[in-house]
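Listed below are the structures to be examined.
Across the two complexes that follow, chain A remains constant while its partner is chain B and subsequently chain C.
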Partner chain A sequence: MIQINGITKTFGDIRSLDKISVTVGDGSIFGLIGSNGSGKSTLLRILCGIFAPDEGTVTFDGQPVWENPALKGEIIYLSDEQYFLPASTLYEMRGLYAAFYPRFDESLYCRLCDLFGLDDRRRLSTFSKGMKKQAAVILALASCPKYLLCDETFDGLDPVMRQLFKRLLVDAVAERGMTAVVASHNLSEIEDICDHIALLHRSELVFARELDDLRGEIHTVQAVFDGEFDPTTLRYPIVRCARRGSMVTMVVRGEHDAIEASVRAAGAQFCELIPLTLEEIFISEMEERGYDYTSLI
Partner chain B sequence: MTTQALSERSTRGFWNSAYFLGELRRSWANCLLYFLAYFFSLVVPMLNDLSNFRTSDFYDTFTTGTIRDLDYYIPALYVVIAMIAAVWAGIAACGYLHKRISAYHFHSMPIRREGMLLVKTAVAFADFIIALIPNLALAMLISGLMRENVGVLLILGLYCLFGFALAYAFTVLCGMVCGTRSFHVIFTGIAGFIGTAVLCAVYLIANTTCNFLETDYLVGGGELLYYSSPFVYVIGKLENDGILSPLAILVLCLLTILFFAAALLLVRIRPTEGAESPMIFKPVGTVLKYAVMALATVLLGYFFQEIFGSSDFWLLFGMVSGAVLSFMLMNVLIHRNARKMFSGLIGLAVFAVVFTGSMFGIDGWFSYKDVNGYDADQIESIRIGDHSRHQFTLTSPEVIEAVVAFTDGYFTEHNEMIQIHENASYPTAQLYSIEATPVDTIAVSVDEMTIAAEYRVASIDARTIYITQTTKWGTSRTWRLNFDQYKSLDDITTALCRAVADSDEFAEQYIAMVMSTGGELCANIHFQEKGGDVSRYDYEEFVANSPSYKAIEKELRSQISYDFFQQRIVAYAGLSIDGSNGLHLWFDLPVFESQTALLAATGETRTPEQIIEDKLADREMTLVGVYRDPETGMLLDSATVEGEAAAEVYRSAANVLNSRDAFFLTRLSRSYVFQSPEKGFTVNFIEGKVPQAVIDLFAKN
Partner chain C sequence: MTGIQVDPRDRRPIYEQLIANIRDLVLRGTLGPDEQMPSVRALAAELAINPNTIQKAYAELERQGVIYSSPGRGSFVCPDPTAMRRAEQAKRLAALWEDLREAHRFGFSRAEVEEILDEIWRDEHDPN
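This part shows the complex of A and B:
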């Protein structure tokens, strides 16, 4: 279990994280989403011991991560920018990872190379951006970490490789009980695999919830009213509301059945509730905090 | 050991063998580079020597296995190579910290930051040692083939390793406070030599301030310069002395440990996010900025003054330009943003005030020292000589008082003259034109001293006498009296000489030196060991009117003349033979305080007079000088003086020796042959290592 307690991190005058507290359960895939510059990458770098927090603590199963090589042997950080030794091949990088990570699995490494179709004797400098990402994924997964921290890992991967990576990630969680923290702006990709989601905005934690709970708490309501519809008659908070003719589309917080009953009670001739996608939830949450593109244009 | 087993060890965090081995394999290019550097600078020249050794019979005869010592191998060069390699390795070792992507990568890995640095350090040392050992082994092999002392090569290797460690630790320490590789290189250079640069800047100020105070000790090869930087110390000492004292090695070792310990501490607290920002710790950047500004201000000021004229305007212009330009440049470098060029203008203003105050302070301090000697009652001894070399050391109160009074008068008089001519170029054309007239021999008779000189305009220093006053507390200052500046040469020289020569102490300690350059052969018992340099013709000015002079006055008119200087202390004197073909033979001879000391030292049963007589009776004596290329040790030429000429040398020496009961010629302890203007080489045999064959030749019947 990863326990993050009151983490604060500043860079000069800029506060990157402000009293963040989250708990990540074992064997889960934890999605980290947020606006640009909200501190996702910083949080991941603190989690893997690159940065020391100014305040707060990070523990993995009760152990602090900062300068704890034994614990860091269980953690792999998949950075958004891959680092490879100068003029090295994937095979040589395998040696580096094998030197540091006690559970590095040679056979898994070979299998992953075959799966991704990479020539591990070819210089990494000749790889494309996506291939470099694949190489990093191979090295990370072959190290068999207990904790995998991914920062924008889907970026640069083609759709097939994205699916492959997601499959491998889920398998690792299912088979080895690995815990993954995935930070991404590609919400549709992590929506499929994450159990939990944390949303960061302007250095602060907006929420950290189970994805299913989150989905059950906010809905898109499409309803047809014969006459006028007064949104204030609904007993649930409306995040967004738009009317086109007799049809009203709303994003409403609340339980599914209760919202439907309330809408019908308000005189709807037709009412349908659609669960929001993660991206829609993200946008809705951001809109509530004044972070929507209409306010920017 | 399996990868798995090695990996298990990584959990300890301070070391990772598998990573070390991997890095070692990857760094083969560095290793090869170091190897080639030593191969071409050490092994190849020795191979050349080996080739000469095989083709020279004479060399074969005279190579005894003890001629070569550490000096032969130019230790400073190899230590410099080691230091350059160390800077290279240090910059490479810190490279991962200077890129954000690599810093993040390695700091996320399961090894402590100190551990990572230790592994990289081990790789750097392993590369260097792997490159050095085969070269040393080859050098030893070649040295052995030439029957040379191979032990010195081990010392050389240790020096190289020591130099590598010192420079590496320093470079890594510098790397810890820098966030980019380029700034690391700049900072290492500046931090390594900032002390030396500051000293040079102070020297520039002092040199333009002082009319009389000798300031060359600041940079003129003085000890002070050595202490300005550990690198200058190591290189300078090895270059000049060829060896480092045990104490120096101990101190420098401690310094190396301190540098590395500081680097280990900093790598732990160094924020990773600082990668790619020039300075990790802001105060260090500020210190660096103002240090560079101070140096640029001084250097550009004197540069403009030197280029455009000696007026204060150009000095001021250059200083302001230096301060502002360096301020802007450092701002751009530190902030990596040209828009920040004028950031911190208040700091610039404070710098201007502090710098101006410092300038006035240094200027005032040196100005004060320039014309204010020590009080006579504070002075323990006075040395008089040429340049920094002294010939006469005097301690009697009356001499000290006389010299102090003389110098005070000199400073006062000539300061006034300088003030009068302050707007003229220095020295004034008028005064210079007077002195520019070649002067034949000037002889100024004093009671006990005759000054004779053949002045030539080319040598201004010939007319400069240096007086060093040493206080009871060990502090000393040297003043230079430039007799060439003014017409009053005769008077001033006479006055000084009188002040010295009138004293009983001088009469007791020194007898006159006599030299003539007219003779074809010149016997010269020199006082180089006491700091004198008789190869300089200006020393000819010290000609004595003494009993010894009288004794050999007759020989001065002949084709053989003699030069004699003696102190009543144990020292080495020399016998020089100048050949008409431009070659010089030079033999060093031991000087003993008394005959008793000589006899005790040599076990000789004959009296000195008897030995001289025996030698004179032997008309077949032969003096042999050999000419050897100092770089290769190869024999180039030889010269022989024998028969009557050799006997003349000894006879003349006997005339001098018999007049004083102070020293004695006994055996050839050194043989120097040097300064051939035609062949341009310098050769020497080191003391106590003259081949027996030469000694035998010298004494051959």
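This part shows the complex of A and C:
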């Protein structure tokens, strides 16, 4: 279990994280989403012990991560920018990882090289951007970490490799009970695999929720009204509302059945509710905080 | 392959899709009585979805009596889906009544409805 308690981090006069508290359960795939510059990468770097927070604590199963090499042997940070030793091959990097990660699995490493189809005797500097990312994924998964922290790992991988990475990730979670924190802007990608989602905006935590609960409480409603419809009669908060002829389309907060009953009670001839995708939830949450492109163009 | 599917374009949460899909496979008999369900791990890897989501769907299906689990052996389809099928039929029948009443109210003739019945039953006897 990862416990993040009241983390604050500033760089000069920039406050990057402001009193963040989140708990990540064992065996969870935890999605970290947020606007650009919201502090996702800073949070991941604090989690893996690269940065020390100004205030607050981070513990893994009760152990602090800061200057704790034994615990760091259980944690892999898949950074957005890979670091490889100068002029090294993947095979040589394998030696470095095996020295630091006590559970490094040689046979898994070989199997992963085959799966991704990488030649591990070739210099990494000759690899394309996507192949370097694959190399980093191979090293990370072969290290069999208890905790895997991913920063935009889907970025730069082609669709087939993304699917392969997702399968390997869920397999490590199902087989070994690995815990993963996945920061990404690719919301449709992480929607399939995450069970919890935390949203950061302007250095603050907007929410940390179970994904199914989150999706169950905000809906797009399409309804047809013969007469007038007064949105204020609806007992649920309306995020957005547009009317075209007799058709009203709105985004409403609340549970499916309760909203449907309320819309019908308001005189709807027809009413249909569709759950929002994670991307739509993200945009709605951002809009409510005044962060939307319509105010920019 | 298990026949269990999720559709990324479907708006419903994955765990709801899983429950509906597995119920359907059991009702149709594609998953037979006492047949072993795929393990959480196998299904997670096959569908590339979160094992916790599958665990949650299995727990709900177990609560609904669609599957049962045997400690150390895994999950299995319920031995007798008759009661489940009967409940589903009753639900469909009620919906059918409702729709036919609506059709009647909107001025459909008996002949028009019979034409639909003929077509459906003909398809059943001669799928071509």
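As a working rule, the second predicted complex is superposed on the first by the 297 of 297 C-alpha atoms of A that agree within 3 Å, B and C clash if a C-alpha of one lies under 4 Å from a C-alpha of the other, contacts with A are read in each partner's own complex, and residues count from 1 in each chain.
The working rule: contacts are C-beta pairs under 8 Å (C-beta built on N, C-alpha and C of every residue); 3 or more make two chains touch, one makes a residue touch a chain.
If you're wondering where the values come from, they're calculated on a predicted model, not measured in any experiment.
By the touch criterion stated above, A:F11 is placed in contact with chain B alone, chain C being left untouched.
The wider contact with chain A, measured as residues touched, comes from B rather than the other of chain B and chain C. Once the two complexes are laid over each other on the shared chain, residue contacts for A:I281 go to neither chain B nor chain C. Within the superposed three-chain model, A:A70 lies in touch with chain B and out of touch with chain C [touch as defined at top].
After overlaying the two complexes on the shared chain, residue contacts for A:R45 are found with chain B alone; chain C is out of touch.
By the touch criterion defined above, A:L96 lies against chain B but remains apart from chain C after alignment on the C-alpha atoms of chain A.
In the superposition on chain A, contact of A:S28 is made with chain C only, not with chain B.
Of the two partner chains, chain B is the only one touched by A:E81; chain C is not. By the touch criterion defined above, A:A142 reaches neither chain B nor chain C. Residues 8, 11-15, 40-41, 44-45, 48-53, 56 of chain C touch chain A in their complex.
Contact residues of chain A toward chain C in the complex are 27-29, 163, 166-167, 170-171, 173-175, 188, 192-195, 211-212, 215-216, 274-275, 277.
Residues of chain A that touch chain B in their complex: 11, 45, 48-52, 67, 69-73, 75-77, 79, 81-83, 85, 92, 95-96, 98-102, 104. Against chain A, in their complex, chain B makes its touches with residues 3-4, 6-8, 10-13, 16, 18-19, 22, 26, 101-105, 107-113, 115, 268, 271-273.
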